[in-house]
Amino acid sequence: MTMRILTAVLRTIRNSRRLATGLVILGVLVLLALFSPLIAKAIGGGQDPIELAAYDKWLVPGPGHLLGTDQFGRDVFAMVVKALAVSLQIGAIAGVISTVVGVIVAFVAGYKGGWIDGILSTFTGILLVIPTFPLLIALSAYAKNVSLFQVGVMISIFAWPFAAKTIRSQVLSLRTRPYVDLARVSKARDLEIITTELLPNLLPFIGVGFASSALGAIFGLVGLEIIGLGPGGVIDLGQIIYSAISTGALTLGAWPMFVVPVGLLTLLFAALNMVNIGLEEVYNPRLRGVAGE
Amino acid sequence: SGGGSYSDKPANNNKPVATKSIQIGKANIPVPRDQSVIVGQVEYTVFDSFNGMIPNGSPSGAGVELSTEPLFYLSFATGEMRPWLATEYKYNDDHTEVTFKFDPKAHWNDGQPLGAADFKFTMLLLRDRPDLFGGGGELKEFVKDIEVPDAQTAVVKMLKPGPRFHYNFISAIAGPPLGIMPEHIWKSQDPTKFKDNPPVHSGPYKLKQAIRNQKMFIWEKDPNYWNKDKLDVKPQYVVYQSTSKQLDQASLAFERAEFDVGSVDEQHAKQLRNTGYPALQTTQFHDPNPRVLWLNCDPSRGVISEPKMRWAINYCLDREKIGKSIWPVPVPPAQYPWADYPTNDKWKNDELANKYKFEFNPDKATQLLDEIAPKNAAGKRTYKGKEINLEIITPSPVDGGEYAIANVLKTELAKVGVPATLRSLAGNVHDEKFQRGQYDIDSSWAGIAIDPEQLYSDWTSDKYQPVGKNAAGKNKLRYRNPKFDAISEKLAQLDPNSEEAKPLLNQALEIYFQDLPMLSVIQTGYPSYFNTTFWKGWPTDDDLYEVPLNWWQHFIFVLGKIEPTGQKGPA
Amino acid sequence: MKSELELRGVQQRFHARGVADGYVTAVDDVSFSLLASPPQIVSLVGQSGSGKSTIARNVLGLQKPTAGSVLYGGKDIFKLSRAEYDAYRRDVQPVFQDPYAIFNPFYRVDRALWKAVKKFKLADTRAAGLELIEESLQAVRLEPENVLGRYPHQLSGGQRQRIMLARVHMLRPSFIIADEPVSMLDAQVRKHFLDILLDFQREHGMTTLFITHDLSTVYYLGGEVMVITKGQIVERGSVATVMHEPSHPYTKLLLDSIPQPDPDQRWTSRIQVDELDHLDDNTPADTTQPEAPII
Amino acid sequence: MPANVLEVKGLEVVYSTNRGDVQAVRAIDLDVRRGEILGIAGESGSGKSTLAVALLRLLKAPGKVTGGSVMFHPAGRSPVDLLKVQGEELRVLRWSALSYLPQGSMSSLNPVMRVHDQFKDVIVEHAPNRKEAVGDMIPRLLAQVGLEPRVARMYPHELSGGMKQRVLMAIAVALEPDLVIADEPTTALDVTIQRVILQSLADLRTDFGVTLMVISHDMGVHAQLADRVAVMYEGRLVEVGGVRQVFKDPQDPYTRQLIESIPRLGRKAS
Amino acid sequence: MTAEAPPAVAVDKSQDSAPVSGVRAWLSRHPLAAYALRRFGLYLIELWGALTIAFFFFRLMPGDPIQTLIQTLQQNYIYNAQASAEIIARYKHEFGLDGNLLTQYVVYMEKLVLHGDLGPSLINYPTPAQTVILRALPWTIGLLGISSVLAWILGVLIGAIAGWRRGKLGSAIATNLSIALSHVPYFFVALILVYIFSYSMGLLPARSAYDSNIEPAISLEFIGSVLKYGLLPGLSIVVIGTFSWILSTRMLMVPILGEDYLVYAEAKGLKSWRILTRYALRNCYLPQITAFGISLGFIFNGNVLVEQLFNYPGLGTTLVTAIQQLDFNTILGVTDMAIFSVLTAVLLLDLLLPLLDPRVKYWK
């Protein structure tokens, strides 16, 4: 099964340049994030380069500090690299949780149908229209000391209905496919049909759901931080950008503090978007060969 | 490393190196620019109400300060106490009676006389209406009755000795705790509903206009001001306006002389100075609140309730570094929990300060920690068998100074084996936790005190509340020490300047140093920024004729001293 | 008794708002039975939308009829015990209409065969299973090496349909329910396919319910035929009788409409158009609405 | 007026795929005579549709015409090579001279436009002088294919497959083109409706004198409708001849095989 | 048509030809009315559900909000007096926080439904929250409404063209830009615009909503000023909004391109522009209308920071202020408002779409 998925993945990648590009960019970003502790160490040379007052403040970029230092004398390059890791983490956490919940709800609702579907769909519909920002605040007030993970969970609470909604409509259309009937006359059980027949075909939609939840979470985090309810002790890309904005770093000439994290985020979005579009191209035969630019 | 700091050299290449002339921008105000002082301020939410007795019933920092007056002004800069609405106060010998004399010239800005009757009306209203802000409380505790023998004399009869009762009417930094209200206006009103708009106050300015959508208040000079002889303010208008949320935008507005006061931050100010901007004047202002760490003394919080732990934390504080690199401007370290104004010097005791020397010394911290919180097999410090972990909170945003202080401490604590979590909490979320004692260390500021006993009186056992219950603005430290209680109680009955008070104050200070319920970290320097394009004569470091020197109530004295430069506003 | 599949007064209605009484009746009081022995081929013909596929789904237990019952060995198939259900599943197997959608595009085509082997415990070892599969593929005249390991989109429609046949060949059910198995195939492949079905009947004793709208294939297969229109069976009998002496006007119309592949037998009469026009029936209107993306 | 509407010479079409090029149409020579119904037969994948779209210049990537010429002789205009005309010239030629009857039962009509507007489109575009007459033209054209005037006000999804196909037929002849190319006009329809459509197609020729090129894999259709039949096999034209000749006396072995393999009533499996 | 079989009971009923009740018969004869009725019922359920969830979310906040609130306010005024029991009791009542949760809920809903009353605001006590919100609403609708609509129109148009002319350079640029930028938050762009147009060039104001020299009135001068001040914040929403609509429209457009009716339109010899607008675009803008309705909700969410950045006196700024002061009635009010407007918009669209798009079945 895993082998098969792997080969299927490879096959799809081969079929779309956009998908491949997206994955490569994503891969590079993840690698950068994975090695961030090492990079920070190398920059600091024994000292923690993002400790407050590690260096003089507002140093211009130079050989010692590739991107200069910020208003607290932290090395911006080290900050950015570490922040990238945090942003990726929150995206991954929220993406995974909301996708998993969304997929489960979507499958239960879409496959079972009837009143279960009625209730679940109405509930998802309700959650969808509640603006999340105020509720996030209420929620973060609950948690005593929010960790990155908890923030991820909180954001997911409001993100899953999106995934659930799109995937449910797909399940509805897929469950009447002849191959589902074939599975049924081959004595497959509901759960088996869901996991082996429907799930793989929904990968692109799940991928889209994952990507948008992940992006949502990365920005949700910025929002929380701006109102002071972010997770303690970590810096993420949004926070650096926000800090660059509020200190007016751009006019001070400290452009790397703004441009580099914005660039990284944009790259991340672009990569995720490319993966999404690529997946859709590959899976949607109508788009195949048509969508390519 | 590096090629120096950004603001060392002109950062914006499209700008000339030294601007000798100022590009005057068009300020967004509806009154003549050259007759106005424009003060850059933060956010306002209330524009149509000036009733301070209900929640958000009145805007703050919006210039209301220019139209309200205390009975007395106290300048921290000079130590001078200026009688204002009142000409004097006088206690009887056992401090159970205090007499206020009002200035016979005083009248409200609607022309009605201002005097003892208004005073009595206000005090009794607040004493008897505990559902009003400022109501109940001190007044209920102290005021038995108020006699008004003549229109200018009010005699407060007290239930118990109250040598500090007049503090309630002094404007020291902010407004006085209790202001007085015109009886003829309020008598017939429901104080929980009345908006008092436009406000009938006294003061050199009257409200001209409050523009909600512009977040702007325009105050106009009152031609009939009662105290014109003593104070003749120069600007015809004072405009309080929200500035841009981005510092670069805000400082650009300053650079274009769209603001006279505020609206620039230190980093951008530095840049302006370096580019030769001629109209920026920076004056240092010490906040009367030093930055402090509140330490929770409640035993249920574990190791933090140990004085030795608090000393260990003290040894982990690198005050020099914080003062030099963390705070936006260089500031001195603090040892006393009050500001380093000359006025306050009389409360100091160098002998004690030397005995309990504050120094950055992680080794000493380690020693103390090993005594009370030895490491367990896993190498973690434990207290009473439990691994320790401190919870640090702060109301400051993550890019704020107090957060940074806490962050530095957290790093140092980690080095001596004390893990800690640090969270910045928004306004009320913070206050909730703080009041309920759900924290170990809170990085914020001390309260303003005219004398130390004002601080101490909040820290006594009778104000103690267990963790989880709201300490209601008092003993948030959850500090309990019977010896300290006794001294504080005696001090409360005494004039702080009296001879008897002196030894008691020293005793209290020594207990404070031993137990360290609150750790002063640095004296807080806030630079104030003035633009000299339209107005000159602002307070300077050399001639600091007034504190606080910008938008607070004392600002009227600044407005009385400045002069127009003759610069005309843009068309 | 076990070897009988019987429909008794089967009725299937669907919600359809917009229709006068809120329902369409796709299958209306249909009764017939299929016998396992002697093996037979029973065809069900009717135009599009007449309810053929719905009957197939009822028989296969994929859709519970709203009234009436489908009996297998005398018992309602929706009330079978576990063991009986297993037997029923084993004995009644489909060949579906659309060779393109019958395979899950995500998997190789072998999976459909392997799944049958595993679920119905046709073989104990992998090798035995593979042998079985190859044998069945050969039986439907497919080269195993041309098929195994391929993805559905790499095979032609005819090949795919034949894999479904191979599956049936492997399972050897008593009943094959074949819903328009040849409508998408071209003439040659179609003939080929029909021959295999006939083989199955003859050599493996399978009974087939053959559903089609194409009378010429019915004719080719022979056996029994039922003509259905608007959910009702209007005529039944042996192919020869029905084809040569149709009694119901609808059957006659159907027969008349087949274009004879002979230029000398061109139609001479015209048929009236309005008798065929129904504004609201057949051609399932395409409901495929692209899902609005969420921004 | 030349006797041939269309003269195809050496037409070649290639689809490039990632597994190499597919020669879908190979060196086809074919004449279409004015006023005839020419049937194109052949099994699935033999290149019938490719030929049609190439002639109509609707070939999309990865398909490419790699050779040949297609001379088109519209009445009252000078002959053109259909493979060479471009842009505006091609656009003008379309519909007024060369129209198309797609296998449209499902999806060739714009689902969000009323039938009326889809008629009007072509008329406004190609015969602006007849704009005023649209109101009369449409019911007349619809009646021609046996539809009531109210059909004009309907949306495609309100029509049955057979009705849609007839609407398409009416649109195809709206401007009395020289040649109509019909690709599998009846494949998705029921036999009964198919018969009606075939009748109407024959009527079109009688009433409008258009030349029809009808593509179908159903030999029965050709037998019923065509004057001449061309048989394709693997992209080649293996036989062209009068309908009777092709059916009764097929020359090419493939044609013979094709005709033999048709299951037909009256010939049971042995 | 739905896939499930009707319950057996229903079948039996119609079989013994018992007279169907009048209303049901009428409804089955008027499917549009039946649909509208059902849809409206669902709307009410969703509205109620969403309002209820929002209410309980806020009320289940830990601690005692009113106590904290008063405490904070007192500190603001440097009143050192202890919050008296009277103050607390008084404001608990004022803010609808006395009694158990269920009573609070009933009281809240009753006031909301019967009087449209959201309770007093805190940021501007004792002004009712609805007044505070309504005061800010016109600005938000003006700024965000107009720019969102503009973004939608531009995005759908450009997206359609980008899909239509796929393979061309311009289309590739638009597509790839959209891919990169469609998820960038508005305020990033706002910042850059401010930096360029306001900071560097000094062309446009970056603060407030109109020139304070001008009295608000229906005058050309005032409107001009509002437009000038709204240009930068509006533009930042338009830019990013457009990108994301481009992307989604293009995604809808591309599969349409393969549709037979487009090939047919081409064969008809129609002009390219006509095919694009009358054939392709008309088939893909309808789902985008629904999407727009749903996206309305995010106006309340996502653009908060833009308003904040420009000190714009709209709902976003109000929301942030309310959040900072934990003004629950106002936060909840804004939330309720967002819920109400999104649900209503979607309801209206659902009722209107069957009229606009002949394909949409109203019994979907």
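The chains carry the letters A, B, C, D and E, assigned in the order they are written, with residues numbered from 1 in each.
Rule of thumb we're sticking to: contacts are C-beta pairs under 8 Å (C-beta built on N, C-alpha and C of every residue); 3 or more make two chains touch, one makes a residue touch a chain.
If you want to know which protein each chain is, UniProt gives these names: A, E = ABC transporter permease; C, D = ABC transporter ATP-binding protein.
Keep in mind it's a predicted model, so treat the numbers as computed, not measured.
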Touching both chain A and chain B (chains): E
Between the pairs A-C and C-D, the one where more C-beta pairs touch: C-D
Distance from the mean Cα position of chain D to that of chain B, given in whole angstrom: 89
Chain centre separation in whole Å, for chain C relative to chain A (CA means): 46
Rounded Å distance between chain C and chain D, as computed from the means of their C-alpha atoms: 32
Distance from chain E to chain B - Cα centre to Cα centre, in angstrom: 41
In chain C, residues with contacts to at least two other chains: 285-286, 291, 294
Interface hub residues of chain D, defined as touching at least two other chains: 106-107, 111, 157-158
Interface hub residues of chain B, defined as touching at least two other chains: 245-246, 248-249, 252, 426, 429
Touch list for chain D against partner chain E, complex: 56, 58, 90-96, 99-100, 102, 104, 106-113, 121-122, 125-126, 155, 157-158, 171
Contacting residues of chain E [partner chain D, same complex]: 259-261, 263-271, 274, 278-279, 282-283, 286, 357-359
Touching residues (chain side chain C, partner chain A) in the complex: 57, 60-62, 86, 89, 92-94, 96-98, 101-108, 112, 115-116, 119-120, 153, 291, 294
In the complex, chain B residues that touch chain A: 1-7, 11-12, 245-252, 265, 267-268, 271, 321-322, 325-326, 391, 397-399, 404, 407-408, 410-411, 421-426, 429, 438
Of all residues in chain E, those that touch chain A in their complex: 3-4, 42, 45-46, 49-50, 53-54, 57-58, 60-62, 166-167, 171-172, 175-176, 179-185, 188, 191, 195, 199, 247, 251, 254-255, 257-258, 294, 297-298, 300-301, 304-305, 319-320, 323-324, 331-332, 334-335, 338-339, 342-343, 346
